[in-house]
Each structure stands twice: as structure tokens, then as C-alpha cells.
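Right after this note come the structures.
Common to both upcoming complexes is subunit A, partnered first by subunit B, then by subunit C.
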Partner chain A sequence: MTTRTIEVAVLARVEGEGALTLVLDGATVVDAKLKLFEPPRLFEALMRGRACTEAPDITARICGICPVAYEMSSCHAVEDALGVSVGGALRELRRLLYCGEWIESHVLHMVMLHAPDFLGFPDAMTLAKHHPERVRGSLRIKKAGNAIVATLGGREIHPVNVKVGGFYRAPRRAELAALLPDLRAARAEAEETLAWLATFEFPTFERDYELVSLRHPTEYPMNEGRLVSTKGLDIDVHDFGAHIHEHQVAHSTALQAQIVGRGSYQSGPLARFVQNADRLSPGAAAAAARVGLDPSCRNPFRMLLVRGVETIYALDEAIRIIEAYAPPAESCVPLVMRAGTGHAVTEAPRGILYHRYVLDEAGIVQDAQIAPPTSQNQRGIEEDLLAMGPMLASLSLEAATRRAEHAIRNYDPCISCSTHFLTLRFEQLGTP
Partner chain B sequence: MARPKLAVWKFASCDGCQLSLLDCEDELLAVAEAIDIAYFPEATSHVDPGPYDLSLVEGSITTPHDAERIREIRALSTTLITIGACATSGGIQALRNFRDHAEMMAAVYARPDYIDTLATSTAIAHHIPVDFELRGCPIDKRQLLEVVSAYLHGRKPNVRAHSTCIECKMRGTVCVMVAKGQPCLGPVTHAGCGALCPTFTRGCYGCFGPSDAPQTRPLGERLIALGTTRAEVRRLFSTFNAAAEPFLEEAKRHDD
Partner chain C sequence: MTAETGVTAETTEAAVVVGIGQLAAGDDGVGLAVARVLAARGVETRESADASVLLSLLEAGRRVVLVDAVAGAGAPGSVLQLDVGALASGPTPLSSHGIGVAEALELARTLYGAQSVARVEIVGVAITRPGGASSFGLSPAVAAAVEPAAALAASLAEER
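Presenting the complex of A and B:
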């Protein structure tokens, strides 16, 4: 019997830390466990007893990569509980802030974390020696995204200007307009970046996923919409808990999520694109067509390209919002505390982020539930690895390990989010 | 001369402080030329086993395993700098220090017994000697570049420990507490952010932790005089630096 075992101390180029155990018997993966053992930080417990207005600042600290997503889901959920809705320019500003985060997060992942997998480099610094213009160009795109977040939110990480009901201060027109030249330049660079990414070799792999995303009547989804799937899910976000159950597994500090009666699902860029390609800007739709992406895509490796398309979309959308921006009369809608339960789902760069808060009559949080995208995607990532047996069996141990890591990174897993140290363990059980 | 070796380590945290390094879009490639990024798993698969000239440590100690790991990292590092509120004060997750840990675990996990975690979240300096602590939730990336540059050149970092209030005055921002009666922790909070919140007409919420010699008691009294409730004052001091002694004491003074 031949047993091949690979151990990589830390899975690199992901946010946060975790481990993988993969047991291969011939061409069959008999066990795949993505272990997320980042120390738990117990946010849901420590939200109890806090004022609901503190939710955006506190939950932003779950993730330094996508703090805006936490700020958005928490604001919408608390507003839902308080019976408040935010429209007009304030709603557009929220969307603009989310565009900034999508841009910086997607470019960070595409070029600095994931592209090295396709080209066999350890990191973006090495990549920069071979493709200096592509790396410098992508850093300029990332900077333009971060500049949106910093201008509107105060700083790139844990922005300070977001509050339940809107913003502390609405930006002046000129402040936002100053972002336009760099955003337009970034828009052109994003086209070039996507064309370069499309020259990469994509492993042949597909799975019959249940893809879950928001769907909005008119927009590519960010802050609002119904929760829909490629297998018939179509629910109001208030019913999230009735259809999606989180459960604990022994090998992870993150809770795994499954759709009741069906099992795992995937959310994120692929799910959004497949279900909302008709809502892209004309420029982003054309870019998708140029790189051969259409809603029939089920290859998770090609999610790299979807991020490129979404980056172009987010740039188009940011430019549109800024060009049309007229400052709101008030930076925030008034809030009146009351008892109630509120729910929200928004589209974080990595997928759907659900928050639920139960408030007492003074607006103090009695109970909180937060389902981050990576914990929702975790089971599906394991299933990808289970299905990759034939692909892995033909590869050397070293190449198979790299391919498995690459497959995990398709999902841009944010392990800090899902609360969690990644050691990759790969065992191959051969026949005698 | 060999380039100095840099290592970046993570404990319980949100990844935001180490991300600050990757957010240095204009300087990142120059930094990577000047120093050897020997260990930085968020950015590279390349692993140099050390020892390292400079270690940046993000996050707090919350597990028995991590309490051991930080000692090994100290032994491998010539200079060790902690970055961010989690590493310098225990972070938001230090709120667990003052609550029933079993009850909190049960609130999140169906099987708390699967999880190996300590009842406290503590700063890195609580476990090992630290050469410099850079504050902030998150840290400011300009300060990070200054600290890394200073240590690589063998000089003291130019990082001031005065209050955010002074930064705000230097910036010429109208005082949100005097002019609008808003609760603001600027008078007792460590400088470094550039007094950001008041420029958004919002009071400082203390994410850089206590400044040098913070007069928290008179501030607490002033907040009450402005009509802030005791519970609000307690919560204001109990966020991202809740376990930092001056903030902890002031929060306790407003405990009911």
C-alpha cells in the first residue's frame, strides 16, 4: 500500500488561517475536510447587551478585508428591526461604498492572491518581476477602489462614517468628483487586467452547484433583493433561517451552512454572475462576453474571470453614482428605538452575508446571528475537493497539493470572517 | 549586504492590520525590494524558517496553543513589534474577559466542547517582551511604514503618544463635543488616525486605545454632564480596547 501525505504548515494567500485534510484512494477522494481553526472571537455573544447602533462598528471588526459588507448587513438588519428604510442619495452612497470594497477586495484576490496559482509563482512580488506592468496596473485599480472607501468612509479598513440610518456626514459633490479621473483610468486598466487573466490556463472542472445570490428587480445585487438559487430557492431574506441551517462540525470553528432538504450551496461572484448577468452594465456584459463567460459557467476556477467582470461593473457603477450624485438634505434618517427582530442579506465580495438581530424596546441587542460567506461556502469547497479525485490522481504529490490549494483559493476564502490557522494535510491511500 | 528578513504573524484578529501592508499600493513593491518578506502567509506561499530581523505580530492570545506559539516567535525574532488593538490590548474579543465564558461559547456553538479556547483574550505583551506597540483598530498604514522603516534603520519611530484631541486641534476641526455636545473619547485616546471621526462630525470612539496619561475620570464626568447615560459611557469605553487598563477602569466606574 502506498500512502502519500503532504503537510503544508499554513495555507497561504488566504485571509485568516485554516487546514485541509484530503485522503485519496486511487482516483477517489474519500475524505476532504477544510479545517478552519482560527481562534473563535465570539461576536454573536459579545453583541448581546450592546446598543443596536453599535452593530456596524463592532461587526466590521469581524473582517479587515470586507468591513463594508459587515457594516452594510448590520445596518440593513437593524433598520429592518426599527422599521426604517434608507433611500435616495443615501442608498446610492451605500452602493458606492460597496463598489469601493468590491474593487479593492477583488483586485487583491485576483492579482495578489490567486494569479500566482495559475502562473506557478509563490506571490505577487515574484509575479511583479515577470509582469511588472500588470501588477502595477492592478495596484492602481485597487488603490482607486480603496480611495472610494477612504473618501466616503474615512479610511480603507473599518471605515468610520457608516451609521445605522445612513452616514455621519454626506460627502460634498467635489469630494467624490475628485475620484473620477483615477476611477476612469482604473476602468481602462481593469479591461487590460481581465484580458491578461483570460490568457491563463483554466483546469477543466465543473460541478452541479446550487448557486445562491441576491436578485434585485433592476440592479446587479449588492445591498438588497430576494435570495434566489439555480435550484429554485426564491425567498425573502426574512425567511433565511427557515431555509438555511447552520451546524457545527468537529473540525472547524466556523459553523457550516446547508439549505434545508438539499445540502450545500455556493455563493459569491459565480452565483451572482450566473443569476444576474442580465443586470450588468453594458461594458461589463461586453467584457464577460469577450472572455467567454456566460451564465452556463459552472467551473469554479473561472471565478477569477468573474471577479474581473465584477470589478469592471463596480467601476462603471461607481462612476455612474458619482456623476449623478447630489448630496442628500440629511446625512441620516431619524431612528426611533423599538423592540423587534431584523434580518438582512447583502453581497460581500465573497458571497452572501446574513445578519439577524433581536432588539428590546430600548434598541439593545438581545440576540444576534451572523452567517459569513466563507462558512456558507465551506461545505461546497470540501465537495469540490471530493470531486477532484480524477484530476488529482494524475498529478505528482507536489502538483496535487498545489492544485488543491488553488481550488480552495477559487473561493477567496476569508477565514478570519468565519471566525478561524490553515495546515494543509493531504493523504493518498494507494492500492497495495 | 543581505536584506533584512521580515515576518508577519497572525493571532486572533480580523486580518485588517496586516492587510494595511498590502494596502500600501504605492510603496508595496519598493518595500518588497528593500526587505526580504520571509514569512507572510496572507501574501505569499514562500516560507523561510527564520530567524527573522523584524516580526510584526497581529492579534491577541486566546488559545493555549497560541500562548505557546508566541514564545517561539519571540525566540526567532530580533525585533518584535505588535500591530493593532488586538495585539496591544486584546481587542474587541477581550470583552469575553469580563463575561461568563461558558455562556458565551454556548451562545455561538452547539458543541462548545469541540473548541479549545481560553476564557480571556490578552495582549501579546502580556506573554512576551515586545519592542514596540503600534496602536489602532486598524493601525494607520503611514505609521506602519514609519515604524518598519525606523526599526530597519536602527532609529526610534516617530509615533506620538499624545491624544487624538491634539491631532484634532492641529487639523483645525470644530470640536464635536464643545460645539455639538456629542460624546467624544478624543481627549483620552492615543493619536495616530489623524483625528478622523470628528472630520465626519462624529465623536472619537477610542479605537487607538488610551493615550499617554489619559484623564478618563474627568472625561467620564463630562460625558454624564452632557446627558450621556451611565450605560452609554460604559459601552463607549468597552469596545476595541476594552481591556486597556484606563478604559477598563472608567467603564467599571459606570457599572451599575
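Presenting the complex of A and C:
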């Protein structure tokens, strides 16, 4: 058997900068390294010494695709430390904002970034030439999601209306109602998009994953719930650090994560769907059934369809929240500073996003930990590639390279989010 | 066609001025600076870090004046009126993230037809390519170009 090496110097159609090295010995992948070489972002250190109320605005800058996720996890973690609970209409508005982000992020990934892999096109531009109506439709869906974020968040990218305790200003009912026609049109487009995606050919591949997501008593999870897995994890988010450890690897500026005593795990759309399919809206559940998705799915390539189902769910949920919306009396709950430690996990489009803040009595951040979904998924992506040896061995080097990139994009990696950590080691010259 | 409708057909609606750039990338923020100057004067504007904003405007049939930084187009601070067709072979407007201007226009041409792109005019401000480090604010030469670029963009955007 010959040894073949797949090298992708710069991964395309992912957010941020990464590379891949894969060494194949016959049908065995002997080495798989997803190299996230984007410079470290150092946001955890940046948070130290800042007021806890600055956390949502500062951490939102980690990502232009999923700023809402950073705002939500940071708000919930700080509120946890301060002993504050946000309910009623304010809680619903947060969920609506998250729906907007899921819609825009999922549809961008499904159609513009991932669909070209399934159809053998090099990029979205070529896809647009062959399927202009689908691309036009996806842009209209994305616009409806963007409009939620712009209306509720103040602008489309890095929204500015979110604060610890709620919002700077709660929208009027008419402002949200104005979004409904486009959301309803997007709902119909999302059904058509999913039906089109379901016509793709999905590589046969499964792994015995530990899938980790939030689980809420009544809702498909976004902001709250216990952290559960397909292999028995069932913990309060306060215990995240006791069960999930992050560690450095030499080839990446992002930490990798594993469940203590077990190993890698995967979070994201597949994990959410598998563990929460019974919490979908009736329309989204019916859509899942139509494309043959059920909670037994362990094929990461089919995560494309799960994103389509979650897009439909997010549109249903956004419409439901807006139709029932009555503006709150106050746009935020009052905050009283105190010393404490707060934790939160929310469901970013790509998976679970954990924040922990240690505050002093004045509410100044003494320590911060941020575990983004892509760093948590990173080791599992490498393990997917290690398990893909037989599939890749039958392909030409060019086709195998494309398939490996395709497999990485199953997880919609957001590399800029993940590369926030760096340990500096100083060595004294002349010391033995 | 009646004389009245003929007159209407020759009238062009006011354009949206779209400023593209990154405030944290020094002179790359000049497109945003121009958009802010014009917004204060009541001109309809959009600001974006990338050119994806063009797609929804062109789908809606809007006329667009795009203002962006251009590297390798002469002395920093030079104000240029660029031809849409020359983008691919000419100086490349910078976009540090997301979809670039040339890509957005090509996508619009594919999705919404050549006539959608014919409604775009581009004002470029020459800058030197930003370095790796983040920096806020414009260099003196590029800051001095904000007013002439705004004047050019405003004249192109006017209803006529």
C-alpha cells in the first residue's frame, strides 16, 4: 500500500483561517490534523478587569456570524453570577433574536458554503449559475433573519441593543409585526430549500458519537437547559468545568475539548436534533420526517438537512413569538453588583457556547472562560477524518481532498471564534 | 408610449450610497467615513464590512453608489470613479472579511441580470494596503479625501 498525504493549505468556505493535513496509509488514515492557525484572539484575558456589563458588547466581537450567541451566553453567565433572572417578554425577545441568528447563519452555510460540496461545484458563484432560483431564495431567507437581528439588535452585525438584564430598548409591537410578511414568505422558501437539499446524494458514513446539547423541559433549546448527551451526560451547566476539560494541542491555536474519562464529543445541529426532535414545532417535525431524518441519525453529512429543519423551526418560532408579543413594562431588569461566579451554555448555530465569569463585589471580571463550539468540535472533526480512511482510499487524491474538506464543512466551523487562547511559555536562557 | 411616461422613464431615482470597510483597519474604513458624512446630510446610506449588502439592494432594483478603499490605485487619498466592468482587471477594492465587491457584483449579475449591475457606480479612495495590526482612524492623506469622495458620491447619487 502507498502512503498518500492530503494537504489543504487554506480551507475555503469556512469562517476564519485553517488548514488540514491528512496522511493515508492504504485505507487507513494514520494522521489527521485540523490546523487552526488563525492568530489567538485573547478575549478571555481582554475581559479581565472590565465591568461585567461590558461582556456582551466585547465578546460579540469574537464573531461577525454569531455575535448573538456571544451576547446570549455572556448575559446569562453574568446574570447567573449576579443572581438575576430574565423572564416574560424579555426572555421571548432573546429567543427571537437567537432565531434571527440561526436563520441567517444556517442558510448561509447550507446554500452558499456547503451545497457546492454535494453538487461538485468549486464555489457559490458556480452554484448560482446552475441554481439561481435556489440562491435567490436563500438570500431572501437570510434577509428575513437579518431583519430580525437588525430590528431587535439595532443593526445586522454585532447588534448593540442587548445588555445584561435585557435590552436597552424593547421594540414596539408594530416594529416586530412589520417583519411577519417576509418571515412567512421565508418559511415557504425554507420548505422548498429543504426539499431541494434532500435531493442531494449523502455519503454513507456514521460514527458512534457522543452528541452533546442543551435539553429544556418544553422548548427546542437555545438559551437554557441542562447539558445532556447521547451517552448519559446529564448535568447542570454550572458543572461544565467538572465534566469537560479543554487542552492545548501543538497544531492549533484553538483549545480542544473532551468529556472527562471518555474523550471527544460533538455539539451542533445534529446533537440538538437527536436529543430534542420531540421539541420541534409541528411544521419542523413534519419537515424532518419528509426528508427522512429521525433521532437515530449519526451521519454528519446529513447535518445539512438538520440545518434546514432548524431553519424552518426558527422561522416558526420567530413568527410565534412576534404574534404573541406584548411589549414589557421595562426593557431590562435591575442589576445589583455582587461577587460571584456565573456560568451559562447557549446553543450557537454551530453548537454549545460556554461562558464563565468570576466577578468581584463591584462586578469587575476577575477571570473569564469562553469555550466556543468549534474548539469543542475540533477533535471530533479530526476523528471523523481518521474514520474516513476506507471512503477516501477509493478516491483520487483530488476527490479525496474534496471529500475531506466536505467533511470538515459538515460542522460549519467558525475558526475565528475558536482561536482565543494562547499559553505563553518563557524559558530562561542558560537555565539547564 | 405617451410623452408623460417617456419623461418618467428618463428620470432616475436617488441612489443609496453604500460605504464598505472596516473601522479597525485604518484607512480601509474610508468608505464608512464617507457614508457617515453623507448620512449626516440626509443622503440614504448603508454601511457594511463586506459587499453582501449590495445583493438585497440590487434585487430590489435600487441604484447604488458604492464607496470603498482601493489599494494600488495611486497616491493615498486619490479619489477615483471606477467602472464596474473594470473591477476584475483593475485595482481590487479591499474587503478583509466576507464577500468582496467583485464577487457580489458577479453574483448579482448571475442572479438578478446584467441590468441590476448597470445601476451601480463606484467611488474608490486610494489607500496603501493596511498592515496586520489593527488601527482606528484615517491617515491625514486619506482623511483629506473624505470630503471630495463624499461630494463625488453625492453628485452620482442625486436624482436626475
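One rule holds for everything that comes next: the second predicted complex is superposed on the first by the 410 of 432 C-alpha atoms of A that agree within 3 Å, B and C clash if a C-alpha of one lies under 4 Å from a C-alpha of the other, contacts with A are read in each partner's own complex, and residues count from 1 in each chain.
Going forward, contacts are C-beta pairs under 8 Å (C-beta built on N, C-alpha and C of every residue); 3 or more make two chains touch, one makes a residue touch a chain.
This one's a predicted model, so the numbers in the text were calculated from it and none came from an experiment.
When both complexes are superposed on subunit A, subunit B and subunit C end up clashing with one another.
Touch criterion met: A:Val160 reaches subunit B, while subunit C stays clear of it.
Using the contact criterion defined above for the overlaid structures, shared-chain residue A:Ala124 touches subunit B and also reaches subunit C.
After overlaying the two complexes on the shared chain, residue contacts for A:Leu42 are found with subunit B alone; subunit C is out of touch. Using the contact criterion defined above for the overlaid structures, shared-chain residue A:Gly340 touches neither subunit B nor subunit C, since it reaches no partner. By the touch criterion defined above, A:Gly241 reaches neither subunit B nor subunit C. Set against each other, subunit B and subunit C touch different numbers of residues in subunit A, with B touching more. In the superposition on chain A, A:Gly283 makes contact with neither subunit B nor subunit C. In the superposed model, A:Leu139 makes contact with both subunit B and subunit C. Note: residues 64, 124-125, 128, 135-136, 139, 143, 157 of subunit A belong to the subunit B contact set and to the subunit C contact set alike, using the contact criterion stated above.
In the complex of the two chains, the subunit A residues touching subunit B come out as 9-17, 38-46, 48, 50-51, 54, 57-58, 61-65, 67, 104, 108, 112-113, 116, 122-126, 128, 135-136, 139-140, 142-143, 146, 154-158, 160-161, 163, 167-169, 247-248, 250, 253, 255, 405, 414, 416, 422.
Chain contact summary for the complex, subunit C toward subunit A: residues 48-49, 55-56, 59, 97-98, 103, 106-107, 110-112. Those residues of subunit A whose C-beta lies close enough to touch subunit C in the complex are 64, 124-125, 128-129, 132, 135-136, 139, 143, 157.
On the side of subunit B, the complex with subunit A involves touching residues 10-20, 22-23, 25-26, 28-29, 32, 37, 41-47, 62-63, 66, 91-93, 95-96, 99, 103-105, 107-111, 114-115, 117, 121, 137-138, 140, 193, 196-197, 199-202, 205, 207, 232, 235, 239-240.
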